[in-house]
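Below: a set of structures, written as structure tokens.
First subunit A sits with subunit B, and in the next complex the same chain sits with subunit C.
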Partner chain A sequence: MRRRRALWPYALASIVLFFGLWQGVVSAGLVSNFVLPSPVEVLDRLWTMANRPFAGFLIQEHLASSFLRFFYGFALAAIIGIPVGLAMGRFRLFEEFFTPLFESYRYIAPLAWVPFAALWFGTGIGGPIMVIFTGAFAPCVLNAYRGAQLVDRHLIEAAQTHGAGEFRIAREVLLPGALPSIVAGLRVSAGLGWQSLIGAELIVVSSGIGYVLVVGQQNLSPDIVMASMLVIGLTGLVIDYLLRFAEARVRAKWGAA
Partner chain B sequence: MSDIHFEGVTKVFSRGGRPFTAIDGIDFHVADKQFISVVGPSGCGKTTLMRMVAGLDHPTAGSVAVAGREVTGPGPERAVVFQQFALFPWKTVYDNITFGMRSKGASRAERDEAVAYYLKLMKMEGTEDSYPHQLSGGMQQRVAIARSYAIDPGVLLMDEPFGALDAQTRTIMQEELVRLARVNPRTVLFITHSVEEAVYLADRVIVMGRNPGRIREVIDVAQTRDAEAWADHPIDDVMEMPSFTHLRGQVWRLLREEMGSDR
Partner chain C sequence: MVATTESSSAGRRRLRLPRQLLIGLATVVVMLAIWYMLTTSLGVIDPNRFPSPGQFFAALEQMMTTGYAGGNLIDHLLRSLVLVVSGFLVAVAVGVPLGFVMGYDKRAEAFFNPIFLLLRPIPPLAWIPLAIVWLGITDASKMLVIFVSAFVPSVINTFTGVRNVNRTLVEAAQVHGATRGRLIREVYVPDALPLIFTGLRLSLQAAWTTLVAAELVGAFLGLGRVLSTAYRDINTAMILLAMVVIAIAGALTTQALGIVERRLIKWRTGP
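Up next is the complex of A and B:
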């Protein structure tokens, strides 16, 4: 494969420039630090929250509880969504049956499900998981569906004429054939799931990063709000990076084929 | 006993909303272990004919029976070798060759043995862990043929298997297929565009006509081939023998008439 030029100096430059400007604007007194807390204040606050409980827990415990909810909801979406998508790609009947449902479902924002999520599964772990699920589900299904549609028809026929049943076709032909598309879908799905989770935590629960943000707002502490936003963004970045890595691995193995 | 019985086989497709008769009432019998080549102008329905034996398409009227049982869907007793090889790109040569064997529950030892046998037969030893994209087109098609042979199908269906190969590789593959067919005879339906290939490989050549697709003529090759002992000569020499060129000419004339018939 062709080697790419190292681009990390640019990424670093963008971060330094951004935070430098931000700090500069606040230090110069152009805006009040109540309207916009400086990066140093935010980091300082973050450090405090990592050592002293806020809203009941340390910040890393909030993050852990958010991440756990995210993981369950995301895994559930993948475990249910991928087989449904593959089945839609394989059978016309499934396709016709599910397509209209998904086309309309896609337009309902995950946050719209919050009231029902709380009603059906409570505000502990069940409700938030359902909200993440509703955010992460559609891309899992759609990408598995499109991926399965793109699998060479001859491969499926070769499997059929060599005695493979539907289960084996799904596992050994459709799934690997659709894998690049599925992994790309998982990235989208993780992003939407993580976003939905924070939304859900704003409303329903009593722990988690989203909850910290709400409490910060209620306490009129912009630095806490900003600190939670920073944690949300960084965690999203890490999740995306991990899935990007998985995607690259899949492409390296599959792309050559 | 794996013979193929076509009885009044008709296939009508809908093309742009209008019915189009791809195959019109074919009656034919392929005896067990007979090698049949099918040639015909494009659009004569030869691939459709094969797909109906495979169970991948279904006749609009009439029936196809293999070993006395009507074909209703795909199955491992009717393995297909495709023009595009259709190897699983994410599986190694070993896993590709043994794909069908696993459907039939073959043990690890049986699979090892089969892979070793076919790779040796095709002079491909040491490639079991390679992936298809690491092999040449000719080698990929050898693997696909081995995958089909390995499940010991009663009927082997080949849809222009050498169509995607260069001329030299093609010639080598034709010789190898004849060799394979001799050590391991099968009932074979071999679809091809190449008249030489059809005559060289087959016991009988079916020449099809189009609009609608039907059997124009069946030419017996086996008798001449055995009488002239083609098998004792390399393929290039066979193709220059008068007995071969005579049959080839016969098939060609029929084909040319068919191609001209609707102009």
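Up next is the complex of A and C:
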């Protein structure tokens, strides 16, 4: 048996080195802060943006409008994607009809939908929601499909012999059986949806956290860009944490996927 | 005996293949027919919303001959393909060894992991504006964002593959006096290879998504540039064409990676 070495000094060294180098390089004047602002300057900029409107709104208002778009798109993807996936797992004809469509759809990068989304639903709230939807849809379908395939056939047959209709089978046998897999898919979905939203806002929108990024870029202000990246990263982390929590609850109640 | 082979999934799949192919073909034909009816014979869909098949093929012809948005199909495709593949290769060349070291040595993991935890939640697309501030609308800025997006999946999956390597094999090799080099070459690499390739596939997908986004934000040539120009011209046929080409290019590069994977795994595990 090897002796257990304490590992925390390495982790501490890493963090200290990362921020120390970053701050040091800027303080020493090795790079201009038009190129790389120091960590302190980024936090300071974030504080300013939280108190004075930038690009029309306070940063938390931009974040709120982004989050709302994200929520609608994500909810839509789940509401449409999960039943489609369950149906693919339940009915063979549907599975065989839908698989080729789904496979070809999967190869289209979500951001490639931006032009059509903007032409069809406008650049306000409809277009971005469609882009989030296209990003978040695939994992919803795929995991509901896989989950439904895992459901014991005998349970479905037992429900049928007791006279359950298709809707009741879906609600009381398929959905609970597939739930662990579905929730795992939702986590992947949320990550992709959040990322697609940033992409959509970079290209066509005039509010939201992605738009702040673009304005920061146009003003050549890396401090604004990096402060927004920080906010985007933290929000993504919170969304992931909430879904991880939901996943743990579902696993505890309905078993592992 | 007969009953067991019939109920095995391999046997069923072989029986189902023609049926699947038939239904797949039927799907495509039905979709094409619906597309033609809605856009051409019934004219329900406005061509400014979605193109008809005729317009789509006219766009394809224009793209092959005179070109659009600063080049013909080959120019745009090549520019995007070269950027994706080179950015992907650089990311893999750095990411796989890093993931390997992190999986092999707990101290390396403790050192690199905190930085990862800090940078990982930031979506790769959010790096695009920063890359433009730093490097302008150049190939270098696109390489940077492709690198960022393709790097993370390579590292994480290689790390997981190496960390979950079969302990019994490692100990058996050690007992027989394998040197560290042989241990890595003959136990760690072959055992982690499937997961490494899972990471590479995810990396490649991320590289395409990021490139399209980066070219939509700003580019002079490339498939994303076709998309953004067509959007400004409200040329729906060109938009659809660019999307189809992006999908096919993504599918082909993934297939190519699959071929490399099968070759490597066959070579590693022997005949």
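Definition applied: the second predicted complex is superposed on the first by the 228 of 257 C-alpha atoms of A that agree within 3 Å, B and C clash if a C-alpha of one lies under 4 Å from a C-alpha of the other, contacts with A are read in each partner's own complex, and residues count from 1 in each chain.
We adopt the following convention: contacts are C-beta pairs under 8 Å (C-beta built on N, C-alpha and C of every residue); 3 or more make two chains touch, one makes a residue touch a chain.
What you see is a predicted model; the values in this text were computed from it and never measured.
Asker: Would you sort A:P100 into first (subunit B), second (subunit C), both or neither based on which partner it touches?
Answerer: second
Asker: For A:L242, using the defined touch cut-off, is the partner it touches subunit B, subunit C, both, or neither? Pick first, second, both or neither.
Answerer: After superposing on A, A:L242 lies clear of both subunit B and subunit C.
Asker: Looking at A:V25, would you say it contacts subunit B, subunit C, both, or neither? Reply first, second, both or neither.
Answerer: Touch status of A:V25: no partner.
Asker: Could you look at A:I198 and tell me whether it touches subunit B, subunit C, both or neither (first, second, both, neither)?
Answerer: second
Asker: Contacts for A:A252 in the overlay, against subunit B (first) and subunit C (second): which applies, first, second, both or neither?
Answerer: A:A252: touches no partner chain.
Asker: I'd like to know which partner A:V214 touches here: subunit B for first, subunit C for second, both or neither.
Answerer: Once the two structures are laid over each other on A, A:V214 reaches subunit C alone.
Asker: Can you tell me whether subunit B or subunit C touches more residues on subunit A?
Answerer: Touching more of subunit A: C.
Asker: Check the residue A:L150 against both partner chains and state whether it touches subunit B (first), subunit C (second), both, or neither.
Answerer: neither
Asker: Once the two structures are fitted together, what part of subunit A is touched by subunit B and by subunit C alike?
Answerer: Touching subunit B in the first complex and subunit C in the second, no residue of subunit A appears in both lists.
Asker: Once bound in the complex, which stretches of subunit B touch subunit A?
Answerer: Those residues of subunit B that touch subunit A are 54-56, 73-76, 78-80, 82, 84, 86-91, 99-100, 103-104, 131-133, 144, 147-148, 151, 157.
Asker: Quick check on the complex: what are the subunit A residues that touch subunit B?
Answerer: It is residues 152, 154-155, 157-165, 168, 172-173, 176-177, 253-254, 256-257 of subunit A that touch subunit B.
Asker: Residues of subunit C touching subunit A in their complex?
Answerer: 19-20, 23-24, 26-28, 31, 48-50, 106-107, 109-115, 118, 121-130, 132-134, 208-209, 212-213, 216-217, 227-228, 230-231, 234, 236, 239, 242-243, 246-248, 250-251, 254
Asker: How about subunit A: which of its residues touch subunit C in the complex?
Answerer: Listed in rising order, the residues of subunit A that touch subunit C are 5, 7-8, 10-11, 13-15, 18, 35, 93, 96-101, 104, 107-116, 118-120, 194-196, 198-199, 202-203, 210, 213-214, 216-217, 220-222, 225-226, 228-230, 232-234, 236-237, 240.
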